[in-house]
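Dropping the structures in below, format is structure tokens.
Note that subunit A is present in both complexes that follow, paired respectively with subunit B and with subunit C.
The block that comes next holds the complex of A and B.
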């Protein structure tokens, strides 16, 4: 190991600590995702909310959960993710047009 | 970087998954693919939302769906997303055995999810006579949810292939990008499932 300590891209205690903190943040995001899933199912199972408001809330919860997935689990919050962001934003834009087009074509 | 460093896990760089040009290319290529997948699933979602009330006198989504099973499936897939984060955490710490262990758990959860989905489909077909051909709603439902299930199946096959193929190699700069690419794909499967359970099951129950 001693001959390795003088290279600068080795796995050091600093990096181990950083990985550990990153893992802790990921476990917290997992907890948030589980909570938003439980809220979404509870809203529908209890049937306390009226239809339009329930659907609106379900969408907010879904988008929040997906944001955790992308930014934390898939590391999009980190540096060097400009191209992934371009791909996903472009994909989402095309997805929006596609769903909108299909739904509009059938409803009107 | 010498050949020695590539083969010796004690001297792997910090982020072995992106240390090589091939690793960087795989990373970009997978994100490009995911952008395309977004559009593919969007067209399936769009058709489903447009056709979900065209039941042709067959059972509607309120009568069919049971929230308990879907909740269990959701928790399993979400947990498998976390276990693959654990696997990548151990990869970044160059711990091959623990990475394989967590990937194995991820695979088992994925197989569990798939088992429940197969049970769900057979239940609809045998108890309700609700098939791919029974209505426009049926076609849209089985295309969308089945396509997602197909992605899960592909993911499990992919995972088993890279786990078995690299079992005796240990972690190196050649296979680290492969594991990382799989984990990104697996997270994306869960992203799609979030919209499936929201749009298909929960909105189906709300009406």
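The block that comes next holds the complex of A and C.
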């Protein structure tokens, strides 16, 4: 609230600098996500990799994509997001255990 | 004549106020009134489940008894378990959390008052729906675990009521869990850091996390069961490529965290009681917090210990066995911390403290037999015998129910504005405590002698006669205890004096409000200066909290009937779901009920309800 007490509606240099950095990071992470998507498609389409390795690689790329999504585009890297982060990690863990348990114990 | 007129007037106001009170409770969004609803609902179902328990014990009083028929016995044991877990223990705990947790963190209400009201009505109507099955052709009879294919092939509509009723009640619980999480994260008073929160608030927080992550598994499981029974799917039908074990996994992925949902809140409230009545800070506060987290964390990785005899193989069994035994470590930390809290303290023994003292040995026995049944090789002997019955009643009755009684005696003044009678409280404790050990201790040995679970009769001269007789006698004592407690509650309501704000010389924030508190809880939000914040002020001679803000207008939510209407819609559509298999006309109920619920949601979304303000002037006026 205190930042908005300026009578002119101009952003301060500090905020402009911050926004610029934020934009840069977002663009970089967006580019990286596109690149990893292209890699994923390329690996499958060209068939250069073994099936097992390809699946393994796809999993790693998928996890990286989710992390980018959460941390950069859903602002989890910012301050005050510790509790949502804890909840997301805990929820992911519970969901993983559930699916892994079912796969390992029922169908394996 | 003027006296007669005033009498008549008062009678009229009395009469009107009954309707007004009813309307007030139907529309309330206040956390304390929602807590009352949870407690009344939970108490009603607790009595119902208790009656079912007594019927079980009368049936097993003598060999080859025919007090009830075999089929009815199946319904009774199923409903006893389901009612006690979902409709008695958990709502009673949620009620206490609702009443006390906002007071302990200095909040005026929970984060989502509307959702809170919706949660309690979903629980109450879900519970009523489940019990309606008694009047509509028989209750569920597949055990409280409803294992497939027993549950998918059970004739009649009993198990349908189980699936739909629990689905509705479970949705309410899930909402409450999310509500508590948001409240604790966002609505703590200034200075109330995480590590200054009272332990009951901490365990409420961890329990809510467990609810959030465990209940979806139950929701999924119940939906699969519902689809299999009502819409011709084959998730659990082996003949059509399904798998019955999926149900067991889903049920226990929910079910094991569920038992920690039942026990963690009472760990918290026992910590408060030990600390208050020993006049000492809780020993090892930090380790208590982390032990709670550890129990919750491990609680998600042990579900398959309910399934050792399913045939998962030695490796899976061993992993789950070791993980289960690991839980004894944080639980042991807690037990020793409670003992160390009392050590050297100025211990005062009243009825709340008696329950807490009785809890330690009872629960420890339950924990010890827990290690025994966690041992895979031995579990092949214990499985499905009365040994298991004895084990989990020692943890759930010796832990959760004793905790509920302790919490009710401790917080009764805060929740209902009366202090419970000490003499009656002690009679309740001793009859219930003795009855409890009589009923369940002997069952360990009945189980070891080979008496199986869920059988409606046992034969003469197999060494089971005396044990079962003692066990049934114990149930009589427990019933007397509960009846005395109910008498106590009614007695102090009619005859008791209004309780003081702080009858126990308490340490935590809830004792700074009136008993019962105003609906806005505090005129000014208090400033928290440390753990046991009220005690800090007392030792420094202030005696009351320093306000953290000037006196200003208080923003409060408006009452609303929408949650009740929404729930009624789900309730009606539930019947539609159950009976549409017989007659297509029931689709009217199904879609009609859903329409009511969705319409209520629409009204809620479009309505601009910004709540109301209690003005500064009103607050000043009330001070005099």
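One rule holds for everything that comes next: the second predicted complex is superposed on the first by the 94 of 108 C-alpha atoms of A that agree within 3 Å, B and C clash if a C-alpha of one lies under 4 Å from a C-alpha of the other, contacts with A are read in each partner's own complex, and residues count from 1 in each chain.
Here, a contact is a pair of C-beta atoms (placed from the backbone, for glycine too) under 8 Å apart; a residue touches a chain by one contact, two chains touch by 3 or more.
Just so we're clear, the structure is a prediction, and the values are computed from it rather than from any experiment.
> Would subunit B and subunit C fit next to each other on subunit A once aligned, or clash?
fit
> In the overlay, work out which of subunit B or subunit C sits against more residues of subunit A.
It is B that touches the greater number of subunit A residues.
> Could you say whether A:94 touches subunit B, subunit C, both of them, or neither, answering first, second, both or neither?
It touches subunit B and subunit C both.
> Quick check for you: in the superposed arrangement, does A:71 touch first (subunit B), second (subunit C), both or neither?
After superposition on chain A, A:71 lies in contact with neither partner.
> What angle, rounded to a multiple of 10°, is defined by the Cα centres of subunit B, subunit A and subunit C, with the middle one as vertex?
Result: 70 degrees, to the nearest ten.
> Which partner does A:40 reach: the first (subunit B), the second (subunit C), both, or neither?
Only subunit B is touched by A:40; subunit C is not.
> Using only C-alpha atoms, work out how near subunit B sits to subunit C after the chain A superposition, in angstrom.
Result, nearest C-alpha distance in the overlay: 6 Å.
> Of the residues on subunit A, which ones does subunit B touch that subunit C also touches?
After superposing on chain A, subunit A residues 83, 87, 90-91, 94, 98, 101-102, 105-107 contact both subunit B and subunit C.
> In their complex, what parts of subunit A are in touch with subunit B?
Against subunit B, the touching part of subunit A is residues 1, 4, 7, 9-11, 15-16, 19, 22-23, 26-27, 30, 33-34, 37, 40-41, 43-45, 51, 54-55, 58-59, 61-62, 65-66, 69-70, 73-74, 80, 83-84, 87-88, 90-92, 94-96, 98-103, 105-107.
> Taking the complex as given, what residues does subunit B use to touch subunit A?
So the residues of subunit B in touch with subunit A come to 10-14, 18-19, 27-28, 31-32, 34-39, 41-43, 45-47, 49-51, 67, 70-71, 74-75, 78, 81-82, 85-86, 89, 92-94, 184, 187-188, 190-191, 194-195, 197-198, 202-203, 205-207.
> Going by the contact rule set out above, which residues of subunit C touch subunit A in the complex?
So the residues of subunit C in touch with subunit A come to 181, 185, 209, 212-214, 217, 243, 245-246, 249-250, 253, 300-301, 303-304, 312, 316.
> Which of the residues in subunit A come into contact with subunit C in the complex?
Listed in rising order, the residues of subunit A that touch subunit C are 83, 87, 90-91, 93-94, 97-98, 101-102, 104-107.
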